Every structure is written in structure tokens, then in C-alpha cells.
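Next come two complexes, and both contain chain A; in the first it sits with chain B, in the second with chain C.
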Partner chain A sequence: MAEVILENVVKSYGSTLAVNRVSLTIKDGEFVTLVGPSGCGKTTTLNMIAGLIELTSGNIKIGNKIVNDLDPKDRDIAMVFQNYALYPHKTVYQNLEFPLRMRGVDKDKRHAQVMRAAEILGITALLDRKPRQLSGGQQQRVAVGRALVRDPAVFLMDEPLSNLDAKLRVHMRAELKHLQGELGATVVYVTHDQLEAMTMSDKVAIMNHGVLQQYGTPDEVFHKPANTFVAGFMGSPPMNLLSTMIEYVDGDPVLVGDGALRFRPKTPKIKAALQNAPSRRVILGIRHTAIPIVQNGAADDSADSVPAEIYTVEPTGDVTFVHVKVGEHLLVSSTNDLRFTGRIGDQVGLAFDESHIHLFDTETTHTLLN
Partner chain B sequence: MANIPVELAVPVLVRPRQTLFQQIIKNRHAYLYVGPALFIMALVLLYPLIYTITLSFFNTPARSPDWVFIGLGNYIELFNHQLFWLVMRNTVSWTIGSTISSFILGMAAALLVNNRLPFMGLFKALMIIPYVLGHVTAAYLWRWLMHPDLGFISMFAQQIGLINRPIPFLQDGNLVMWSLVLVNTWKTFPFVMIMILAGLQAIPQDLYKAARVDGANVFQQFMEITIPQLMPVIMVTTVLTVIGNFNSFTIPWIMTGGGPANQSEIIITWIYGTGIRNLRYGFSSAISVVLFIILGVFSYYYVRTLTRGSDRSAEFEG
Partner chain C sequence: MSAITQGGSQAVAYPARRFGIKQRRALLRLTIIYAGTMVLALFAALPMVWMVSTAIKPRSDVFREPTTIIPTNATLENFIRVTEPLTPSGRYFGTYFLNSTIVSVASSVFSVMIAAPAAYAFSRFRFPGKQVAYFAILARNMFPLIVFLIPLFTLMTALQLVNTYAGLIIAYLTFTLPLSIWLLKGFFDGIPPELERAARIDGCTRFGAFVRIILPLTTPGLAATVIYSFVQAWNEFPYALNLAYSTNMRTLPVGMTFFFSENQSDWTGLMATAVIISIPVVIIFMILQRYFVSALTQGAVKA
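Now for the complex of A and B:
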């Protein structure tokens, strides 16, 4: 087991920067996920850690040793590929044995290690089969087995679950996480699925256009997104991001959006953030859970209730997502009320939960709340 | 690439338990549509085959229209013929020699071209030239190149002092077979190269990445991934090359006509010589039938080993 450190890692292809000055520290035994939209540089980053592609600049350290110029085989890493990359002409046993054989481990020891890995993954009965005779989930397990058979310091996994159907994916997600915990393995895991990142990781590194956006625990990136990209990427449905202006009423800042959208914060922290904002235009971020529907939105007491019109309703069983329009803003709210009967066109009220709002600079998109 | 054996396997795998006749009755409309095509195929394939087999049991004197049935006479003569073993040996040298050497050359060329090195596109185009050149053109070109007095090779080699006498490529009985193999290799290796190249490009790159992570060096990657992954292509290409070489007529016929003194006679030139030149149709048909049987047996076993591999995949998928 070992620590993995990336220092200002850059990979350029001609004029495109696939990975742009990424720095990360992955501690021993941590499960770290690189997440981001397709093409953001996750695979490239992982392949650089593996040694499959060279860095343009920067350093990668594994276990305190700079490995920039080392071959993959000398880095003490193992990798699980998106499409498993099992050797099609070899049996499961031969697949598992391969990394050991290539390293000159003697036959008896190989056998013991293969059997141990097969046992851990419950694939002992499949050892004589060829990969094409296995289901997707079984192939996945063999791929993991081939990675753990020789006890590498670091496991690298590139979207290992994305070829599985939804149900199996949820199952394997739990299984992988459990396995990682048992082995105490250091894992760098790549996915484009924010839910996978949230559920599996000790830490999440969110990337966009080759740039690391935020690195933190799932809780941190979810509740304290560093910028609008992270805010919009983590969580489903994504956070509502509304363009608003700061106006002053009686010396207090008020956020004014389109239509009837007005929000007058009371918390000193938010007030201060608004007063110190570099520009009068700020982005108000708020998740659906923090703007619950108040059924009869008739303008009455609470000045914080914002009138809105239902755009569409999406029941999912336990939660009902309600898309509403406030002026030109289209935002997602939700309700846990199973008897919710709102229909398209109905007028409702939205209650803003001040303790869960986010503010971002319009120019830089960075958070104003820190 | 991996599909080739599967496709070959299909007729074997889907063969239903009905007899052919029952099938025809059941699908009579379909057979009606393919009927004309089947008829023409029978005409051009089956008819000559049956005609040749029939002919092989007859003595067909050149100057008389009367055939005389002689049973296995032609075959008995064939197996006792003074040239029989020489022709067989030449045919084997020709076929196996050309196949092996065009494989080595074709494989090497494919591996080279498959690298992302500069000028490989140009190089690839150049290497395909022999393949696209007509057989007759190639044969005449090489006959000229190998001519002892006027040929470029001997002249050039003498000029740079490599040799002091012309090399009798096509005149020396010990050399002639190998000269022909050389030319045939030159002509066929691009085909092997193209096939292997297609095979190489169909190998998923992830397998190499996985192997590198697993600790395989370049040689191990070649042995453990490239070769097994290419196996279906290699097998198919071998069958095609062997059959092609067995039946290859133009190059030996134009370059030597089987000479000198039958030293480069192979089955196919022998058939042509006895049949068309000496007008011994019956005898020549007997040789053809023997060639047909040899190729038939070879193809049968080859296709069977080919399809056996994919049968196993069908077991699970099907």
C-alpha cells in the first residue's frame, strides 16, 4: 500500500491540454474518485499514474518515489479497465495467473495466489472458462481478480462498472467498496457518474476540461461546492443556479432575480458575503431540497415564500420533483409529501431555506461563501 | 477478425435435423428463387467436376473421338509414372516453401507497417505493388530479371563483383524450384501482409495496456497477445495461401513451363502439359482428380480445426 501524489501534472496533445496542472494527494488506503464529464481528462490522468502515457510536465510519486520514468510494471500498480481487457484466448485461471507469471513467480506460489484471489471474488467455479463464456458481472470480477492477485500498492480503475446493467452496477458498487475496505487498498477510481463518486469514495476529485475543480470528501463537495461547475455536477437533479442582482433595501442586501424572485438573507454570514461581493451580479445556488414547495403559495405572511408556477411534476416514488417557473427562471424543487397534487400551471410557493444556499461569483464562478 | 471462424462455422452449426429434401419442400418458395442461380452454379461447377471424374476412367486417344473405358488404368499409370514422385515433391516444395516464406515476409511487413513510424503509408503502398501486378506481368518481369545473360540480377551482381558467372536461376535443375518459390513469395506476401495487418488492427489496444501493467515485455506481449489474437486470421490466410499456391499456374508455366527436364514440374503444370499440350485428357483428368482429393482433404481438416475453436463460443452464446 502506498500514497500517490500528483504535482502539477500536465498532459498536452498538440495544442489541447488534456490534463492541466492537476495536483492531488491520495493517502494510503484511501478510495479516491476522479469524476467529471466525458473528455475531461480522467482516463488520461489515470493512465499517467499507471505509466501507460508519459507526462508532459509535473511529477507523479507513488510511495514517496518519483515514478515519472518508470514502466507500468515497475510502479507496483494494477489496473481494471472499462471493458475489462481480459485476455480472450486465456482461461480465467490463466488470466489471473498472467501478472504473476510475467513477474516470474514460481508455479506453486502462483497457484496459491490465484486460488486466494478467486476465493475472495467468488469465481473459483469459473476458473476453466474463457472470458467470452462469462456474464458481464463475472468478467468484471475476473478483471478485479487479475488486479488484486499480486497485492499491488495501488489499484487504478477506469469506469469499471460502466458496462454493467443498472442493477448489477449498484451491486458491484457495494461489493467493490466492501472489498477495498477489507483489503485496505489504495484505489484511484475513475467514473463519469457522480452518484458512483458520492457513494464509493473517501475523497472525490472533480475535473472539467483537464482542470481539477475541487478535491474533498463527498460531503464537502456536495455541501460546499467550490464553484458552479461542481455545484451543477454533483447531485441529481443538479443544483439550481440563478442569475441575480444585489440590491439594497434599508441598507440590507436583497437578491433580485427575474419575475417575483426576491430573497432577503438574514444570516450575517450571507449578508457579509453579499456586501463583499466583487460585483453586483451573483449566482444564487440552491438545491431542490432547500426550496421545498409550500402548497398554497397565496401571498400571505412569510415574505420569504416566492410565488412560482408548476412547469412539470416528476414523481419518483418517495420524492416528487417539481419543476417550477419563477419569471424566466426554471428551477427544480421537491416535496416528500406523498399526497402532493400539484399540476402543471398551478401556482405554488417556494420556501427558501437560507441555511442551504450557495453564492457564486458571476465572473469567476467561484463560491463567495468561504 | 475473430468473426472469420464463426462465419465459417455457421453452416455447420445451424444445420437442422431435417434432411435436405425435407428442407427443400418446406422452403420451396425460397428454393424457387435461388433455383436459377443454383442451376448456373451446378452448370459451371458440378458439371465440369463430374465430367472430369468421368473422363479420368477413360482412355481418350488424341486422334479419335472414341473413348475407351479403362477403369483405374489412368490412376495406375499415374502412380507408376516416372514423374509422379518428382512432381509431388516439387508441388510440396512449391506450396509449402511459398507459403512459409510469404508468411514470414508478410508477417514482418505487417508488423513493421503497423507501427506508427513515418513514411509507413508510402511503404505500405509500395509493398502492395507485387500483389496488384498481374501474374503474367510478374512472371515475364522476373523471367527477364533472372535471365542469365541479359537479366538484371546476374548483371548487377557481376558488376559489383559479387559473382563471376551468371546465375542460372531457371536453367539449373537444383535451383529452378527455389527461384520460382522466390518469385511466388514476392507475389503473394502482400496478401499475407494485408490480412495480418487487418488482424493486427482488430486487436483491442487495451489488451496491450493490460499486459504492460501486468508486466509483459514487448516479446511477451507478442507471444501472449498478438499471436493468439491473430490465430484465426493466420489460419484462414494459410488455407487461402496454400490452396492458391497449389493451384497457381501462371508463374511456373510462363517462367519455366515445368522445365528444365521437368525439374520444376508441379501438379498443375503437369495437368496442363499432359492435357492441353499432349491432348491426353483422360490421364490429365486423373491427375486433376488426385489434386482435387488432396485439396479436399486438406480443406476439410483445416476448416474443421478452424471451426472447432468457435464451436465452444457458440456453446455459451447460443
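Now for the complex of A and C:
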């Protein structure tokens, strides 16, 4: 097992920067996920760690050694591909054995290691089959098996679950995470699915347009997003982002949006952030959980509740998402009240939970808090 | 694969009694298909039947009326006459056969050996001039062979390769390579690049991944390349006639025409030679076709 360090890694294809100055430290035994929309440079980054693509500039270190010019085979890594990349002309056994064979492991030891990996993944019964005789889930297991058969320093996985159906995906998510914990493996995992990133990772690296947006624990990136991109990407439904103006009433800052949207913070920290804001225009970010619906009449702290009109209602069983309109703003709120009876067009109140709001600079999109 | 066999067995397994409209229509369709196929097969087979039939007739029976397809007194005498080293008609047969074998085997071996890496490069790598080079290769097949005969002859004369194996092999490569490269590129394009990436991570060099993972998946393409190059070289006439004309360098097709002009009326001998020439082609087809079909039905590269 080993630490992986990326220092100002750049990959350009002609004039396009697929990966732009990415720096990351992946500690020994950590499960780190690269997440971001399609085309943001995740696969390119992973392939550079693997040695399948050359860096344009920067350094990659594995276990404190610069590996920029090392062949993939000399980096002590294993990789699981999105399409599994099982060798179609080899049996499952031969697929698992191949990395050991290529490294000159002797026959008895190969057999022992193949059987161990097969047992861990529960594919012992499939060893004589060819990949085309396996279901998608089984192929996926074999692909993981081929990676862990030789105990590499780092596991690289490129969307390994995205070709599975939803139910199997949830199951394999838990299984992979469990396996990683048991083996104490260092894993760099790529996905475009923020939920996968949140649930599996020790740390999440969010990328967009080849640029690393934020690197932190799932808790950090969810509760303290560094910019509007992270705020909008992590979490479902995404965080509400509203364009507002700072106005001053009796010397105190008040955020004014469209329609009746007014929000007067009380916390000194938020007040200070607004007073120090470089421009009067700021983006107010707030998740659905922090603007619960207060039904008409039931609003007790009515001073702070913002009047809104129901746009649509989405019950999901335990939570009901309520899309509401405040002036021109369309936001998502929610309620846990199972007897919620609001209908399209109803007037409701929204309570702003001040301890959970976010403020971003309109120009740079960076957070204005901390 | 299973879908095809199932469909096929259903089509034959119609119950004998109670033909509904649907069954009757299906039967009619089958009849038309089979009848059409048989006409085509007959069209292709008849000249060959005639060739074999004439080859095993005694010389005196060739023009006998009424013509028979199955000879009444079949003989192998013609085969002996045209191959017997001590007779005037058969003395060069061994030389011609050897020449043809050397040139054809070398052409097909070099075709595969050169076309496979070249096609792989065209499929996987970006390099300056790639489009132009690929077009230039394909452009070769837009012209009839004969157009290049005179330039090739001039070239071979300058290189002093006229009447050598090398000269003829190189000339043959000019038309077997373009098709082989094009064909193999198609196969490589169909293999997901992740397979060789996986192999490189599993411990192969780039070349090792090509040899251990990619080439085995390309077996049908390689077999097709071998068949095509061998058959083309084996049957080729105009290049052989002009680039290897000396008596000891002639290939079988060229030798056969000389045989015919020297032994004007020997139709049975000519047909016997033709039969012998066809045999290696049939054999190589039978051997490689098995690979071909099995590799195709396996759906080897479905990832």
C-alpha cells in the first residue's frame, strides 16, 4: 500500500486542457473519489496515475517515488475499467491468473492467489467460464478479482459500477467499500454519481472542466462547499442558488431577492461576511432541508418566514419535495410531514434556517464564508 | 448464435400434417430460397465439374459425342503425364510448383507480418500524415493490377529483381498489403482499447499486450488475410508472366499457359494441371475456414 501524490498535473490535447493543474494527496489506505460531470477530466486523471497517458506537465508520485516516466506495469497498480475489459478469449481463471503470470509468479502460488481472490468475491463456481458466459454483475466481480489478485499498492477504478442495474449497484457499492476496509487498500475511484462519491469515500475530489474544485471529506464538501459548482453538484436535489443584492436597513445588511424574498441575518459571522463582500451582488445558497415549508397559519416565527407559491409537489415516501416560487426564483423545499396537503398554487411560508445558509461571490463563485 | 440455430431448426421442424396458411407460405419461401441457391451453386460448380471430368478422361475421349460428364473409363494417366519429371510434358512441373509455393507462402506470411502492425498503428495511434498514408494505401486498390505492371517492371529491372522470388513477392505485396491492412484495421477498431490498457497494467509491455491479447482476438482477420494473400498470389498471372518469365522462375499459372502452347491439343493434360493447381487453395481454405467461422461465432470481441 502506498500514498499517491499529484502535483500540478496538466494534460492538454492540442488547445484543450483536459486536466488543469490538479494537486491531490491520497493517503495510504484512503478511499478517494474523483467526481464530476462527464468530460471533466476524471478518466484522464486516473489514466495518468496508471501511466496509460503521459502528463503534459506536473508530477505524480506513488509511494514517494516520481513515476512520471514509468510504464503502467512498473507502477504496482491495478485497475478496474468501466467496461470491465476482461480478456474475452481467456477463462475467468486465466483472466485472474494473467497479472500473476506476467509477473513470473510460480504456478502453485498463482493457483493459491487466484483461489483466494475468487473466494473473496464468491466467483469460485465461475472459474471455467468465458467472460461472455457471465452476467454483468459477475463480470464486474471478475474485474475486481483480477485487480486484487496480486495485492497492488494502489487500486484505480473507473466507474466500475455504472454498467450495473440500480439495485446491484447499491449492493456492490457496499461490498466494494467493505472490501476496501478489510484489505486496508488505497483506492482512487472515479464516478460521475455524487451519491456514490458521498457514500463510499473517505475523501472526495470534485472536478469541473479539468480543474479541481474542492478536495475534502464527504461531510466537508457537502456542508462547506467551496464554490457554487460544488454546492450545486453534491446533494440531490441540488442546493438552491439565488441571486440577491445586499441592502442596508438600520446599518444591518439584508439580502434582497426577487419578489418577497428578504432575508435579514442575525449571526455576526454572516453579517460580517456580507459587510466584507467585494460586491453588493451575492449568491445565496440554501439546501431544501434548511428552508422547510411552514404551512399557512402554522407559521410561528412569521417575522422570518418568506411567502411562496407551490409550483409542484414530489412525494418520495419519507420526504416530500416541494418546489416553490418566490417572485422569479424557483426553489426546492421539503417537508417530513406525511400529512402535507399542499397543492399547486397554494400559498405557503418558508422558514430560513440561518445556521445552514451559504454565501458565494457572484464573480468568482467562491464561498464568502470562512 | 443460438438464435440462428433455433430459427433454423424451427424452420425445418414444421409438423407434417395440417399446413396452415402461414406454414404454406413459409414453405414456399424456403423452396424459392433453396431453388435460387441451387441455381447459383450449379453455376459456380459446373465449370469445376467439367474441369475434373475432363482431367480424368483418356485423351481420346475428349471430343467424343455424346459428351459425358462422368467418364466411362476414368484414368489418372493425365495427372501422371503432366507431373512426371522424365517426360517432356511434365519435366518443369516440380519447378513451377515449388516456385508458386515459395512465392505464395512468402506473400501471405509477409502480408500478415507487415499488415498486422501497420493496421494496429492506423487503428490506435495518431501520427502526422496518418490520413494521407491510409488513403495512399487504399488508393492502390482503386486501380486494376495491370496499371502498375510497367512501373513495377521498370522498378524491378532497376533493382535487378526481375526473375527473382523477391521481385515477385514484393510485387504481390503491393496488392495484398492494402487489403490486409484495411481488413485488419477493421478488426482492431472493434477491440476496445481498454483491453490492452488492462494488459499493460497487468504486466505487459505495449508490444506484449498486442501479441498476447490483441492478436489472439484477431484470429479471424489474420486467417482471412492469409487466405486472401495466398490465393491471390497463387492464382496471379500477369505479374508472374512479366516479372518471372525465365523457365526456372515460372509459377504454375504461367507454366500452364506455356504447357498449353507447347502441347497444343492436350486438353486433358491442361485440365489435370488445373485440378492440381486448385488443390492447395482448397486445402488452405478448409484449414483456415474453421478458425474463421468459429472465431466469428464466438463473438470474440464483444465487451
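Please note the rule applied: the second predicted complex is superposed on the first by the 365 of 370 C-alpha atoms of A that agree within 3 Å, B and C clash if a C-alpha of one lies under 4 Å from a C-alpha of the other, contacts with A are read in each partner's own complex, and residues count from 1 in each chain.
Following the convention adopted for this analysis, a residue touches a chain if its C-beta (ideal position, glycine included) is under 8 Å from a C-beta of that chain, and two chains touch if they have at least 3 such contacts.
Bear in mind that the values here come from a model prediction, so they are computed numbers and not experimental data.
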item: Combined model on chain A: chain C and chain B, fit or clash; value: clash
item: Which of chain B and chain C A:Ala272 touches, first, second, both or neither; value: neither
item: Partner chain(s) touched by A:Leu168 [first = chain B, second = chain C, both, neither]; value: neither
item: Which of chain B and chain C A:Arg103 touches, first, second, both or neither; value: both
item: Which superposed partner A:Val211 touches (first chain B, second chain C, both, neither); value: neither
item: Contacts of A:Asn83 with chain B and chain C, given as first, second, both or neither; value: both
item: Partner chain(s) touched by A:Gln133 [first = chain B, second = chain C, both, neither]; value: first
item: Touching partner for A:Ile120 - first (chain B), second (chain C), both, neither; value: neither
item: Intersection of chain A interface sets (partners chain B, chain C); value: 47, 50-52, 71-73, 77-79, 81, 83, 85-89, 98-99, 102-103, 132, 146
item: Chain A contact footprint on chain B (complex, rising order); value: 2, 204, 206-207, 209-216, 220, 224-225, 228-229, 231, 312-313, 315-317
item: Residue ranges of chain A in contact with chain C within the complex; value: 47, 50-52, 71-73, 77-79, 81-89, 98-99, 101-103, 132, 146
item: Sites on chain A touched by chain B in the complex; value: 47, 50-52, 71-73, 77-79, 81, 83, 85-90, 98-99, 102-103, 130, 132-133, 146
item: Sites on chain C touched by chain A in the complex; value: 192, 194-195, 197-205, 208, 213, 216-217, 298-303
